[in-house]
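The following pair of complexes shares a single chain, chain A, combined with chain B in the former and chain C in the latter.
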Partner chain A sequence: MSTSRLDRLRSRSRSAGRRLRRETRALLRIARWEVSRGTNSFDRRTAAVTVVVLLVAGGVFGGLVASGVGSVGVDSGLYRVGVAADSPYHDPVADTSALAARPPAEAEVVDGELRGGVDLLVRDGAVLVADSQKGQAALSTFRDAVARYNDRRLGEEPNRGAAFPVLVTLRYAERDSAPTLASAGGRSVDDGSSGSEASSDSSDAGEPGASGDSGGDGSSGASGSADSDDAESGGTAADSGADGGFEVPGLGSGVLRTESTGSPADISPPFPFGSLVLAFAFLVPMNFVAQAYGGSVLNERVNRRGEPLLVTPVGPGTVVAGKTLPYVLGLTAVSALVALLVGGGPLSVAAVVPIALLYLAATFLAAMFARSFKELTFLTVTVSVFLTSYAFVPAVFADVTPISLISPLTLVVRDLQGTGATLGQYLFSAGPFVGCAAVLFLLGVGVYREEDMFTQRAVPLKALDALDARIRGKRSMLTLAALSIPFVLVAELLVVAVLFVLPLELSLPVLFVAIAAVEELAKSLHVYAGFAKARFARTVPTALVLGALSGTGFFLGEKLFAVVQVVGLPSLTVGRAAFESAGAGIGPAVSPATALALLLAPLALHVVTAATTATGASRGREAFAGAFVLATLLHAGYNLAVATVVSGLV
Partner chain B sequence: MSESPSATERVRGRLAAARDAVGDAYRDPRVTVARREIASLRSEKTIVLALLIQLFVASFSSFLVVGLVSLSDPGSVEGYTADVAVTGEATDDLLRAAGTESGIDAVPYPNRRSATLAFEEGRVDAVLDTAVRDGRVHVTAVAPDESVRSTVVVVSLRDALREFERAEREERSAALDFEPLSLPPESTSSPYFGFTYTVLLPLLLFLPAFIAGSVTVDSITEEYDRGTLELLRVAPISLAGIVDGKLAAAAGLVPLQAGLWMLLLRLNGTPVANLPALLLLSAAVGLLVASLGAVVALTAPDRQVAQLVYSVGVLGLFGGATLLPVGPSNAAARLAVGSATPAVFAVVAVAVVVAVGGYGAARVVTGRTAGRMA
Partner chain C sequence: MISVTDLRKVYGEFVAVRGSSFDVEPGEIFGIVGPNGAGKTTTLKTLAGLVEPTSGETTVAGYDAADPAMRSHLGFLPEESPLYEDMTAHSYLRFFADLYEVPREVADERVADTLDRLELEHRDRRLGDVSKGMKRKVAIARSLVNDPDVLIYDEPASGLDPLTTNYVLEFTKELAAAGKTVVFSAHNLYHVEDVCDRVMVMNRGAVVARGTVPEIREEYGITEYHVYTTVPTPETAPAGERHRAVVESMDAVEIVRESAERAGGIVDDIRTREPSLEEVFLDIAADGDALGPRTVDGETERGTPDGAPSDHTPDAPEARR
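So, the complex of A and B:
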């Protein structure tokens, strides 16, 4: 008897293994088709057009760079300065691309005030400024230009001690580790090429242009030697008073917090510009690959072309996996190549792959929803713009705040700077991305079937279809609510990041409402889909049950993700407020009874608000909208109350 | 009195003629195609999506710049004062120079140890240790390693030290051949002024054009792909008419969107000068880019390939154009800010000519394609 059971088990496992092998073979075959289809569509004429367009575009670009016109900035000639050709101020104006030198006769001066013609007038050593924003902006640029001109001319002086009487060595010191002036951060040699060159120069500490490395790459090149003036005139996005900052990316020297020596003009605050630009190189190929992938998926839906694959014994999951595999591998390979080129390590690649997965997942869903190629283009552009900014913007603040870790690109910046990251930080960054990608693929695969693929419906309706495809019964409410957690996390982190720049008094109330709205939407959308598709009877008891299930599922999912607390996000006040309702931020000072109450209170809240929206959803669209607003307000009020209580207790 | 009926009739007749002309234009198959295109954009709500994308791009780039400026020049954003301990031989001179700077509050300390202690205990934000060697002042600055604060502190230190350098240089001016020019007064300018005109405005002006080209590519390749081009060719309209209609719909929307953004900027308190020239420029770029899209789509009807070639081509062309002495984005900035020279208007004229040339090229390619199809 036991042998027969063992046999059954063995044969079952064997058949499972066979099935797995068969599916894998099918997957690989579909992947091969996908690759060959992509290459076949490049016929000779197409290839010729591609080459011509690329040559023209590249030729225009390269030709202009080679001919040296490329040093002209986008701001060239923005402000007009009336200055005589023999004035000592003519040279600084002529040297600065944003300023256009005009003859003083063009100025219209009435009663000693500048009325038009030019924005600034230099006359008898005094400066007349037009009474406008533009006049003030021109003055600010002019002031910088004169300071830069002075520095450049002084750089040519033989008497260095008189020209640059002050030499500054800048060091950074941590305060709690008892640093002294002597021990505070010794000279560390940068591994980047330009950086090491700079630090070797700075040993003869007389050259103002040869500052150390650190973030001073922008100004170190600009204020020193005579030929460097056009470097400054490049893309000055904002003509801020600071003449270092972010204008000129000094690629290669991304290491911060090292010592630097030079004249006072050379010191500049830490800023990870170089690494940031390099990190952006990872995002560019993704847009192109995602575009091709979306086109390929939509292609299956045009003229029922995907039907032959659908009728094969292979499941939709395998078909989608097979179609996606080449693109995932391609993007991984490209990322590895980019990493190799810009000097990133395995961490960079590991951080970029989750972004790539989310790009592909979002594009896949967009292609499943789109009615036409036009619509797909708009959807993919939306996806690209959103994901690119979501990944890129927080990374700007990589050295400023831990909240920047919401984007895996921050890990790339840290990797390029040599800072590295812990496993916890990696999971915090990449986890939501991978989770979102998985859920999006899951939703997309749900509608990868005949009745959805070859029909034309508006995108929101398709989205409801996709949610509905995942509803198997009332219990699905539980799982769908839990599955929404990664999106909630991403959305909330985005809200936190955007509100981070606002003052705290303003950002906290907005934050509470925004976060409540995100969570309520996540808890109610699938319930609404279920009612809209007539899956459930439109009665109050059903709605209450569905709401309770959805609220519980969300609560459980939230608890699962409360791990984010470990990473140190709570060190931010805003971050703490965002996750207060997760109930994990309880300090040891709280008594067990209060702790239990604080643990169960969110459950009650989620159940109540989800039941509210579910009841609304059962009555139709308008009632759903009203109930949603009500639930959001309720939720926000609760969060505010808890925040007050907890901060009062601790 | 006798004249009045005839006058009325004349007006009526003229009205009828105008109505006929409009009716003819309305019945013009090219207009029909253009209307169909716009209707499909409207039914798919993609135009709303397009506007949202542009708004998102604009707001995020603004957000980025506000963040960048507050990092590189925090003093401009908030009135922050750094407490600095000054010690060493040149303490008095440095204190005098730092007194004129608002962002810094310098306090003398008798020696390096007491200054370091004050720094560690958090009583001061930074330490400046001075020493005079070979007639030069060597300053060792210690700033806290505390992310945002260190940025703010370093910027304040730099301003104070530059002032100090200026004062020290003054004392040594006898040994210099070049007498430094005196600086113009400080300005009250917002650091975002230049950004608004050089980045934000060109972005909003030209983004609609890129989207228009992409729409043209999709629209034409889709007709091929779904086999509907054959159906259209049975209708009494030439391929050139079809392409004309699609171009008109895509490129026509460009100046409308651009105009909307310019009006919004004006409402937002950003004066925009030379509006007609700006709209003409955006219309020309729109027509050129849409024509490029049509050429690419007609020669490479596979949608994926066409989109790829189109995007790379447009990026390359626009990247190249910004490198010109007066590129389209620089021309737009100068027009809008009111610093336009005749050269800038010439650029607009050239853009119009190039756009018409591009449209002509699209017509030639359309003719060839029609010949091949027949």
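So, the complex of A and C:
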């Protein structure tokens, strides 16, 4: 390398370094300014009231946590039970908060009937019940209390086989391991790693000793165990295998995990309610912080207040980063605090930060699109409801199905349960959130300029402006299509999550069309924006070139983001149907020629359909809508063909 | 200091600025005038790097206007004074000085000096609580925190009372005297006439006149000759004890003189009246329709707009009336 070239390189790197340092200083300056403005905008009284409210809320929440959430004593001492202190029933009553033990002398017994004083009377081994609804409720609670007490006592017995002669082994099978649409014989897609087995396995439950093998493969379902003292009795989800399989805490999964016995009485729904309630605590502060952030961004646009900033040497990206940094750090700190309170670890915080980023990114874009604070409120509420639902609902099924990992909140649930997560699971969960947040910020920064910031246009038109701002030429079609992949992944996972509870006869056809529509929209929206903004000549050859570039970009992005393989999501039938068209799941049994064809077929599909929509876009809105429908149908047909011919799903 | 060549800005189908070209010399105050929607603000924002031109070249202080490095040499005052109202004048100016990387000591001194020169009171009061004139002064002070070479002021006296207006205009002259180059737009043409060394008149997105105020007046204004005679003639009307004819050329004056002599009288006084810039401006603006439609399609149909300069000769008035 010549000396002059080296000098040029050194000079460039020095210049880049100087610029980086300058931008960093500006970023930090803007961040400090944002913090001081944020604190100045609160008067002392509001700040004091806020602190008090937060302390009260924290205290209440802490109390809930300390008391075990579900065992909050709202019904404490509700039912009075007359029972002697030396009665064997006294302890079960005393151990149950809803029951209050009273001396039998308080009971009013007339003609052998309990008339008052207490709701139940335990006397001479018999139970007298007051003739009222409350008496009946008290009796029911009393029975439960005695049963729990007995189970607990039996659980303490060294000879568990004697204590629990009847054991139940629960093995939850994935629903789509049941027979598929056309195959009556049933073809299990279970790969053995998910903790689910064919439902016929449940017949083992009654066989002596069949329950003792829990965790043998590291991933089996929950089971009560009569002879394995070292195994966690009841088999909660905590013993998930190293392969990250999922299983269901069928037995002994109380609101917060409690001792369980393996008795049939311990069977409970496989939902981690306690962990979910605690995980939800991470989401609550995000709504408040996002509101403040959105208001701050919109404030820059009101009356052109932010215009002078745009004339400084600081770039718009630095301005946005500086304004956003305090909110990111704030949410991270709050998440760490919540994690500390609810018993979460670094995984919880690491899982929540991507959600926080997406909250802020979506709010930022909403604030860049909104025409007024009123409109911003509507948009942020929409964002909040959607993201909260998207994060929370899948987490309900954290112990049931791997698809719950589409939400990073599932990682929080697993962290709170002590299950943990693999790196692949973390990337699968957090990747789309971080990707979406990055792209949303990118689009928002694109319109953080005088020409777009201060114009008043409807939100859809602003969205087109944001896409248009990122178009530099025809090659931008390739980039923008690839950048749409995180959104496509989120949307498709959402579709899969919604549809997987439906019968396959209904879910698969809807899935094919929905997936096709999502992808066609992702490939065509920026092309439409380009034509709408007169970036390109409205000719067929131009449209075909743009469509080909967009289709190719989408194909490349899709390949790059094929993380679905990481956690074996395609093991679900609906998951396979969703991602098969992308070339996922090509097995070793396929010949090289077929594999190549299967690899390139999606490319051809994306190019053809994107060219179709691009041609429509070049002719105006109505033609675009028609072309979009046509491309969606074409794409859905392709998906169906792949599922039928290659995968044999249908 | 500033060079603009064939600047053109199109928003969708709307042509905001069509092919304007001009130069501004160092230390000069250059005024841009024109009716609402003429393209003045778009031109100024293009110079400030806020608006990306559709085509054309714009150089400010030796940098392309789109180059972020240019902004270190620029002070921009928009038409409104949007300030962060929860800040004080001092903290607001210090914040911007930081963004321009002005060293702390220099910034403190410069901010204090500028606020003194602008006679700004209530420096520690929230900007939301000060008067409009004070806000304008703070905005002007902000445009100076980086000690720029070029100042772009869009309607600097807009909405201010006469006293503050006069103050702002005098301050602008002081800045130019100190070597700053000022590009200045205003609706009030008396201000332009008072402050600017040279003026560019825009209408419907096109530059329609350019030069010093006398040059423009000479080129585009109509000088009136008030000819007073001792006797009535066909050209005159009674004016007190005498008779007066208002004509627009010396040939017409000669005709009046001959008529007076034929009637046995003489021309005893001739007075000339120069048009004001406002009258010239109104004349030019009245011809706006001749510039044609401001849509891309309209331009395509017409070819080059009538008012657009055909070459880049800054000091020659290039537009036709």
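Note that in this section the second predicted complex is superposed on the first by the 414 of 650 C-alpha atoms of A that agree within 3 Å, B and C clash if a C-alpha of one lies under 4 Å from a C-alpha of the other, contacts with A are read in each partner's own complex, and residues count from 1 in each chain.
Just so it is clear, a contact is a pair of C-beta atoms (placed from the backbone, for glycine too) under 8 Å apart; a residue touches a chain by one contact, two chains touch by 3 or more.
Note that the structure is a prediction, hence the values are computed from the model and not measured.
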First, second, both or neither for A:Arg25, with chain B first and chain C second: second
Touched partner set for A:Val168, first chain B, second chain C, both or neither: first
Partner chain in contact with A:Arg619 - chain B first, chain C second, else both or neither: neither
Contacts of A:Lys474 with chain B and chain C, given as first, second, both or neither: neither
Chain B versus chain C as contact partner of A:Asn303, first or second or both or neither: both
Touched partner set for A:Pro313, first chain B, second chain C, both or neither: second
Which partner, chain B or chain C, touches more chain A residues: B
Residues of chain A that lie at the interface with chain B and also at the interface with chain C: 41, 303
Complex interface listing, chain A residues touching chain B: 38, 41-42, 45-46, 49-50, 53-54, 56-58, 60-61, 63-65, 69-70, 72-80, 88-89, 92, 98, 100, 119, 125, 127, 129, 133-134, 136-137, 139-143, 146-147, 149-150, 153-154, 156-159, 161-175, 178-181, 184-185, 236-242, 244-246, 257, 263-265, 267-271, 288, 291-292, 295-296, 299, 302-303, 371-379, 381-382, 385-386, 389, 393, 396-397, 399-401, 458, 498, 501
Chain C-facing residues of chain A, complex: 22, 25-26, 29-30, 33, 37, 40-41, 303-315, 449-451, 533-534
Interfacial residue positions of chain C with respect to chain A in the complex: 12-13, 45, 48-52, 68-69, 71-72, 74, 76, 78, 80, 82-84, 86-87, 95-96, 98-101, 139, 142
